[in-house]
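Have a look at the structure below, then the notes.
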Amino acid sequence: MPRGLVGLVGANGAGKTTLFRLLLGLARPTEGAVEVCGRAVAADPVGSRARLGYMPEHDCLPLDQSAADVVATLGELSGLPPRAARQRASEILDLVGLDEARFRPVGGFSTGMRQRVKLAQALVADPELALLDEPTAGLDPTGREEMLALVARLASFGISVLLATHLLDDVARVCDHVVMLDAGRLVVAGPTETLLRQTGKLTVEVNAGVGRLARALADRSLTVVADGPFRDDEGGSVDVVVGTDPGPVLDTIRDVLADLGLPLHRLSSRAGSLDEAFTLGGTLDGSGGAGPGGWGP
Amino acid sequence: MSALPDVAADGSAVDPAFVADPTVVVSGLSVFFGPKVALSELSCSFGPGVTGLLGPNGAGKTTLMRAITGLLTVSAGRVWVAGGDPRHDRAVQGHVGLVPEDEAVPGGLTPRQLTRYRAALHSVADREAPERWLAVVDLLDVADRPMDGFSKGMRQRAKVAAALVSNPTVLILDEPLNGADPVQRVNLIRLFRQLGDQGRTVLVSSHVLYEVERLAERVMVLVAGRLAAAGDRRGIRDAMADRPRRVLVRADPPRVLAAALAGHEAVGGVEVDGDRLTVATRRAGDLALALPGLARQAGVRLWEVRPLDESLEALFRELVR
Amino acid sequence: MSARGAVYDRGYRPYDGPRGGRAASVLALYKASVRRAVGLRRSWRQKFLPLGLLAVVSVPAAVNVGIGYATRNSPLEGFSFFTYREYVGVSSALLLFVAVCAPDVVCPERRQRVLPVIFARPLTGTDYVAAKLGAIFSLVFAFSLLPQVLLYVGQTLVSKDGSLHYVSQHADVLWKVPVAVAALALYYAALSLAVSSLTARRLVAGASVFGLVIISSVVAHILNEAGALGGRGPLFNLLSLPLVVRDLVFLGHVYPQSPLAGVAGAGALAVVGYVVVVAVSVAVLLWRYRWAER
């Protein structure tokens, strides 16, 4: 896995926890070898942990100590001298947005605040690689955005991140690369950008006149993918197939819109969501049996 | 039911917080837990199909769901479900299924046992119902394993099956996708949509807004125990049309277009960052109309046009501020 | 004149300073555990029990010294409630102390699932056990030693024949007490930690420590009454076993008035029993925290 922000997704039981344990040197591989940050884990499992930070999914903080105390103690446990640990604890807690609350006992914190303390303890020892397990779990939309913004900044601090999550949207927003695991095997790995852009289609959404748009585009020899009958005057969207050179197609679309006087609401590459890349990439039908139609009563 | 609001001539309710043909009506609902106000004079209604319930943590979503399913005593106001009082009317309770958020599952039970127990509890005539719903949520191969060994996602699916076994017309789901992996999420979303298409009244709460967008045509947003917004996606979008909006335009060459846009009366301001223009406007509709023409006139290629605030995310951000 | 000003970036600063190895981590865990047990940096309620117990246990020392002072010129001089030997191992107080402290340093970490976060750091299960053992050992050692010191110093000061005389008279106390106290501390620390590591709930752990010891004393009593094992029954009494070791330290042989007096090889067997208890306890601990062992 390359430097930067890597997303790790997979079905439950696909091996995510095992992978984390392997990276932390807490488990030994039956076959093969693990290298983290350029060093083989097997040679010095304990020492290689010094360069890692781990943020578990579950609650993992002593509830009766203050946030500053918890993070400082964990920093000392990572080998930092006591004074440095306290300083860094303060700095990191400020960074994650807990400067005021940091002297209050963790037991009184909300979910969002606890997630931040968990992130802080993973960062206090200045790791090279941070392993984050579902950092947005339990957070409301605002909290989730703030957490993702924090995670996105980690790369600029020189910290690589392995982000395990069930939310493909988190990965799409924040990660440069994505790795998918299925039943212990690697399924898809690649920069998020390319995975997202796999579809080769453009979406044009207008506030009115979608039928006329579709016809006019077809008249100009563009391949329009129909998603059902288009009403002439209603708002809606059409997908246009784009070949290797999108430029002329874009210009044609613009000209058609201008000629017809249609209000352009959105023009973007058909957001191949990560979902599609996910299901395209392998036999990812969960615990067996979901055919192309999914489930159904 | 004199508490229903006025209905307009075309049959639609005047206030988007209400629907014309509701299954569940909430009127002036207040719930206090000691000094804590969980819900404060809440009035809304929803009907067949899938309705999304959004809100920050602690906004009262779970409390509302429990009030609708009759699990708590309201402090003030009324709740009607399918014409009856969910707290006292047994017939109504038979029509409502709840999938709560908390993890607690009676220890040692298997999914099969749970669904059969529920079927027995509701005197479900159809003997095949437990098996059928277990199959729907894809738990047949682990149906006889005790649920304490299950992951969160699997337990959620079991609870969904158990709630569906009594064939409820009203289904209340509190964060049903919690802990589900990406594949299960997609499948569950599809399932809930199908249930809504079947005419059931489905209320789903979730924190993952882009999933709510796929799941529900209508949403209600709760903030601090009160209704902050309600309506369908388009309606909310239109309600926001004349609020300050921002549109992202990627163009080449960017500054030429920026200059042209700045000259247009619908545009409030243009920010340029590389090839990205962020256009601020209070008249999003007029901007949409003008954009293609302006671009062509200026000889500028449009690579991307994307409204930045129309997602539920943006709405949410604004409401919660 | 030119104006000068700057806005500083309070962003992230990488850490380039020294990093300790495993030893530093163990020390940090040791210190944190001691702090936790004594209640430092926590609410006053947490501090109450350990310090309260310490005060209670020190009272006899103070009383003794007081009496020594009051009677120093009277015919009653030289009277003391108890000897140094007896004072070491005020067993029930010690038991109470470890039953409170040991669960407190291992159970919450298990219950609140802090262990994964601890073991994601550069230390092994053995390190963890060493730190916890060290912490409880230190605490019990200090807890037992302090009253002794109080007693000794007090007696020295009130001694009628002068401090130096007292010291030379009681020179052996200076090494016997610390050794005996250390033996007891190790025993109780290992035992209570081992029991506590088996559960995540503090109350259960504390009660189990008590329960185990009490039950063992009952078993020992029964064995003794039944005359089984040639009178070696009392060796099974977890509560009194370390006291036999203590007697060996102080007297060189089993205490004449103990039920084991006269039993052949009782002294050696007691030592063996002691070692077994400590070894088994440590083994249990290492086993409980083995998942970080690689």
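Letters A, B and C mark the chains in the order given here, with residues in each chain numbered from 1 onward.
Keep this in mind: a residue touches a chain if its C-beta (ideal position, glycine included) is under 8 Å from a C-beta of that chain, and two chains touch if they have at least 3 such contacts.
A quick note: this is a predicted structure, and the numbers were derived from the prediction, not measured.
Distance from per-chain Cα centroids to the pooled protein Cα centroid is smallest for A. Look at the CA centroids: the one farthest from the centroid of chain C belongs to B. Centroids built from CA atoms put chain B at 23 Å from chain A. Spacing of chain A relative to chain C, judged by their CA centroids, is 50 angstrom. Centre-to-centre, using mean CA coordinates, chain B is 58 Å away from chain C.
Annotation for chain C: no residues touch 2 or more other chains.
Every residue of chain A that touches chain C in the complex is listed here, in rising order: 24-28, 45-47, 49-50, 52-54, 56, 58-66, 69, 73-74, 76-82, 84, 88, 91, 94-95, 121, 125-126, 153, 156-158. If you check the complex, the residues on chain C that touch chain A are 10-15, 17-22, 24-25, 28-29, 31-32, 41-43, 46, 108-109, 112-114, 116-124, 291-292, 294. Residue ranges of chain A in contact with chain B, taken from their complex: 9-14, 110-112, 137-145, 166-169, 206-207, 247, 250-251, 253-255, 257-258, 261-269, 275, 278-279, 284-290, 294-297. Residue ranges of chain B in contact with chain A, taken from their complex: 54-58, 132-133, 136-138, 141-142, 151, 153-154, 178-187, 190-191, 194, 207-211, 285, 288-289, 291-293, 295-296, 301-307, 312-313, 316-317, 320.
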